[in-house]
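Letters A, B, C and D mark the chains in the order given here, with residues in each chain numbered from 1 onward.
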Amino acid sequence: MIELAIFGAGRIGQVHAANAAAHPSIRLKYIVDPVSREARDNLAAQTGARVVPAETAFADDALDGVIIASSTDTHADLLMRAADAGKAVFCEKPISLDFETVRNVTDHVEASGIACLLGFQRRYDSNFRFVRDRIASGQAGQLEHIVMHTRDPAPPPRSYVERSGGMFRDQAIHDFDMARYLLGEEIATVYAVGNALIDPEIAAAGDIDTAMVTLTSVSGRFVQMVNCRRAPFGYDQRLEALCDREVLYVENRPQRGVTIADAGGFHSSAPMNYFIERFADAYRAEMSAFVDLIETASPPLAGIRDGLEAQRLAEAAIVSMKTRMPVDIHPGWQP
Amino acid sequence: MIELAIFGAGRIGQVHAANAAAHPSIRLKYIVDPVSREARDNLAAQTGARVVPAETAFADDALDGVIIASSTDTHADLLMRAADAGKAVFCEKPISLDFETVRNVTDHVEASGIACLLGFQRRYDSNFRFVRDRIASGQAGQLEHIVMHTRDPAPPPRSYVERSGGMFRDQAIHDFDMARYLLGEEIATVYAVGNALIDPEIAAAGDIDTAMVTLTSVSGRFVQMVNCRRAPFGYDQRLEALCDREVLYVENRPQRGVTIADAGGFHSSAPMNYFIERFADAYRAEMSAFVDLIETASPPLAGIRDGLEAQRLAEAAIVSMKTRMPVDIHPGWQP
Amino acid sequence: MIELAIFGAGRIGQVHAANAAAHPSIRLKYIVDPVSREARDNLAAQTGARVVPAETAFADDALDGVIIASSTDTHADLLMRAADAGKAVFCEKPISLDFETVRNVTDHVEASGIACLLGFQRRYDSNFRFVRDRIASGQAGQLEHIVMHTRDPAPPPRSYVERSGGMFRDQAIHDFDMARYLLGEEIATVYAVGNALIDPEIAAAGDIDTAMVTLTSVSGRFVQMVNCRRAPFGYDQRLEALCDREVLYVENRPQRGVTIADAGGFHSSAPMNYFIERFADAYRAEMSAFVDLIETASPPLAGIRDGLEAQRLAEAAIVSMKTRMPVDIHPGWQP
Amino acid sequence: MIELAIFGAGRIGQVHAANAAAHPSIRLKYIVDPVSREARDNLAAQTGARVVPAETAFADDALDGVIIASSTDTHADLLMRAADAGKAVFCEKPISLDFETVRNVTDHVEASGIACLLGFQRRYDSNFRFVRDRIASGQAGQLEHIVMHTRDPAPPPRSYVERSGGMFRDQAIHDFDMARYLLGEEIATVYAVGNALIDPEIAAAGDIDTAMVTLTSVSGRFVQMVNCRRAPFGYDQRLEALCDREVLYVENRPQRGVTIADAGGFHSSAPMNYFIERFADAYRAEMSAFVDLIETASPPLAGIRDGLEAQRLAEAAIVSMKTRMPVDIHPGWQP
């Protein structure tokens, strides 16, 4: 039985806590959340975990690992403490909104030798994995370019936007990660444009709600990203990988398996709304992978360095958007 | 150059006249329609054909063939006269609403030796042909059963219903024909139920607007038909052929290649509406086949005996519906 | 906390046991299965339930209800004993393969006053429920006819066929139930044809693998069913309800959300395979409904009389197929 | 009756000649093609037009207009001569591969006052028009961004590539035009990357086979283009317009209306292959629009200045790709 503590009892914390509690090999021992006390207590009651301060968790030698699902500004500190305490970590992205901190934490975590799984849940979705595996198997032929769409169902509230680090660091980071994951190589050049076309509140917060990004890989292959804070029909999460012999399309998954036909034509349902629902299976798969990481040292699909590299691309996108120039990336590049 | 006369300047007559006029090997010489004079004269103006009485057409030794697209009650007589005059015939279905007449005309036409193509246009549609060819090639494996849907966009006016011979003879006859065409064998048993569930005018005319038919072939394979005078979304014309290794689906063809997504989901257009549009290519293919029949004696996909056999099934369905019993058919069966 | 016993540790028993064990309001107390001992012991280990003989379960006054998921030939006896012991029952269909037994057990269970939910899981599927609710709400307009397809992925082994009661009682019974559920009225006439077109083993066992059924409701509306023991692509479970203003289609649910395009066109995945996967959510919903039935006496979507009535239609279909005649049903009809 | 001459008897010339010959208001009087003599003579035989040298056509005062469908290097000269002769022109794109020539010809044609329709056939396709009209009507809400895919079925031969002016001028020019058409405003910034990832022959010819382009409009809205010389499944021609209330998708149109299901899943056909087939209706609509332009001075959907502006964007894309910088465009910009 693996003993785990979870930090954070908010939306994503609740998902991970439930998955941990339901996993036959996990005992969810502690919940730490000094902020959302009611949510924390409810979660404790549901999962049987004990509410403790962070110190208690890190000091418990019997604890195997920690799940960091607290607010973004706490990730870096908790990662450092986990590294120091020698606990395996399953950490939600991003590591930090400050790139230098990301770099330092990554170095420290790697130096500590702890096991670390970073929560790029899309890598754990069976459909995105199918695409990766099909490319890796050689069946699809050489990957030549990728087109990705990520559109949220509706703009987040201004308070969220202000703490988010901006759309590139907050939302598009998953696409930056997926680009690296499928290409199997690093990005050499980033060009990004962005604008607040949808929500004046986002503009007022100094952020954007619409962006277009072009990535060129080291070997000269291309990625195009469309990122948006709204799609009229809901959550839009698609990918198209053009290879030599096949094109692979990850499609939206409909909420409902019933089509309605009437005088206006054929009507099928909007996609699953929103990531909590769309990636429910992927979150479960992450938790299983975290168990495997602890029990058998099976490498995770995404580690802390993947978090660093995806964020580097987000930083480069921000620089590109601001300078209105493409940004050439090299291994040590930072903004 | 093949010289043809057309009988009938109504809806389907206009389609065939235009196709004949546009065909490089056809000279549309005569138009005969003593009833719809305005339509006839317009059609003559458009196609360059001459308006004549039937006698003129049949008496013209240079005339190669006739297209019978006039009202149903004239088909039998025109077929007999064409047989006597030795003209090739392209005749719209049905041969007659009276089965004994159908039988007599069929015998007479066959005895005369004239070439005859019967207008079961669905056989000439590329999609239905694809299914037939795929089965014939052996690629799909043995055909085991068929499910067909034919639903009109809206009930026809009562005046049409009253002259139509009823839904089985008028609409379902195409499905009876398709069943024979794909099975490649005759039907042994017909069971049909019908009701007027949609349109009280149809009930008042003594006809039905909804029917379900089950056919059992001589070798024991099955066909299910849904026939209806209305679908809320328009014209519904589908087929599903379950074979040993493949299922083949003939789908509706959408009017528009644009999908609209909004807060209600994804909306695609209604199917092409109605048979004139859906089968425009098939009507052109029929005309080419009629040319081939005259020029090179290439057998048509549907001949006059196919008209007789399909109508036999319609008659059996009517008997079945009225007696509430399945009807066993044998080669000489008639109502 | 509701205390339950489960009878049967086979395929469907494992599904129900896992759902019961995971339900926050259920304590799965006992497992009874004198036949499949290894499966039973594994299930006991996984769920924490105790292995006992049937007597122990029925004698435990604290036990609230029983789940009957054992082999078909035990259902009737267990239902009778549950009725006598005053336990709520969640019973898999069918009640018995012998119709007179079905009738007797139904009368006895109803007379006993115990709560009883019958496992027509399709009623608990969100898509079939959507169709029912949409019709019930009046939004779709009057239901006029239904077309259903049920095709298994592959013929079952002969040993299964021999114990199954035949395809009508074993497989088509779900469609008979769905017909009644959606129509909201009883069936007046059944016509069925069947044949063994696919599997000689099924023929040798005296059963059929392909059937077509036409139902006419008391008010004169129609249902068409296609039932088959194989579809080349896997599990085919569809429904089409034509109403006055809308057609509602329950579609197959694909295994995979990735489409592959290559020189041969566009390829999407086969449907979920098989009912255990396709109806996983429905089985969970059934268990929740069973809890609601026990806790708040909320009526189930399907009760024991629904089992009787669906089976009456299966019996009528068998008589129709054998006599080659439609069978008129009346409330007291039996074979 | 409008009298026209056609220049060029190649692939697209044959399409336009056939459409002109079939149009009831057009008399196709002359064919000019000093190069492809056999194709020219065949076309003359089919259409009844007379083979003449260019001089004869331009000198015929009764001639209303000319269709320029000859090789690209002749367009500019023929446009100038048509302008001087006062003939209406229907000219295939591009005007010239040399931008200064494009500018000069455009100025000259405009100064001459002749009617001129430029062959951006996509504007005449009913689906692309539906999107434009739906946006123009206000129903979709404000257009925010566009994503376009244009992929050819297979790389063209090297000889074609070498005369083509490169992929941006030859293929992507239609997307540049569509961007302007839908946005209803000019582009301010162009960023393009390109590479030869597919065909070494294209690399050897100094051209690219894969490109990604980002356009920013004057008002700050975005367009993303994927351009490619090959898609594994055939011709890929799609557009997605995200508006405030709706997303509008122009989809590929399948070759076949039959889906095949087998053990590997569901297989639908590749799209229509290639532009001649996909845009057959659009070419007919262009010819009708040319008639309207001559008869009633109805403005065409695309005029000569649209050709200039689309080409300006292609030039900017080439500069961007070569300099690896975004290019800011202004009304007088040229490479």
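The rule is short, and it goes like this: a residue touches a chain if its C-beta (ideal position, glycine included) is under 8 Å from a C-beta of that chain, and two chains touch if they have at least 3 such contacts.
Source: prediction; values computed, not measured.
Visitor: Hey, which pair has more contacts between C-betas, C-D or A-C?
Guide: Of the two interfaces, C-D and A-C, more C-beta pairs touch across A-C.
Visitor: If more than half of the interface residue numbers appear on both sides, call it same; otherwise different. Which is it for chain B and chain C?
Guide: same
Visitor: Please indicate which chain is farthest from chain C, where distance is taken between mean Cα coordinates of the chains.
Guide: Farthest chain from chain C, going by C-alpha centroids: D.
Visitor: Whole-Å distance, chain A centre to chain C centre, using C-alpha means?
Guide: Between these chains, centre-to-centre, one finds 41 Å.
Visitor: Round to the nearest whole Å and give the separation of the Cα centres of chain C and chain D.
Guide: 58
Visitor: What parts of chain B, by residue number, touch at least two of the other chains?
Guide: Where chain B meets two or more other chains at a single residue, that happens at 231-233, 245-247, 261-263.
Visitor: Please name which positions on chain C make contact with chain A in the complex.
Guide: Its residues touching chain A are 22, 126-127, 130-131, 134, 140, 245-253, 256-263.
Visitor: Contact residues on chain A for chain D in the complex?
Guide: Within the complex, chain A touches chain D at residues 141, 144-145, 147, 149, 151, 189, 191, 193, 195, 197-198, 210, 212, 214, 216, 220-222, 224, 226, 228, 231-233, 242-247, 324-326.
Visitor: With touch defined as at the start, can you tell me which chain A residues reach chain B in the complex?
Guide: So the residues of chain A in touch with chain B come to 231-234, 254, 261-270.
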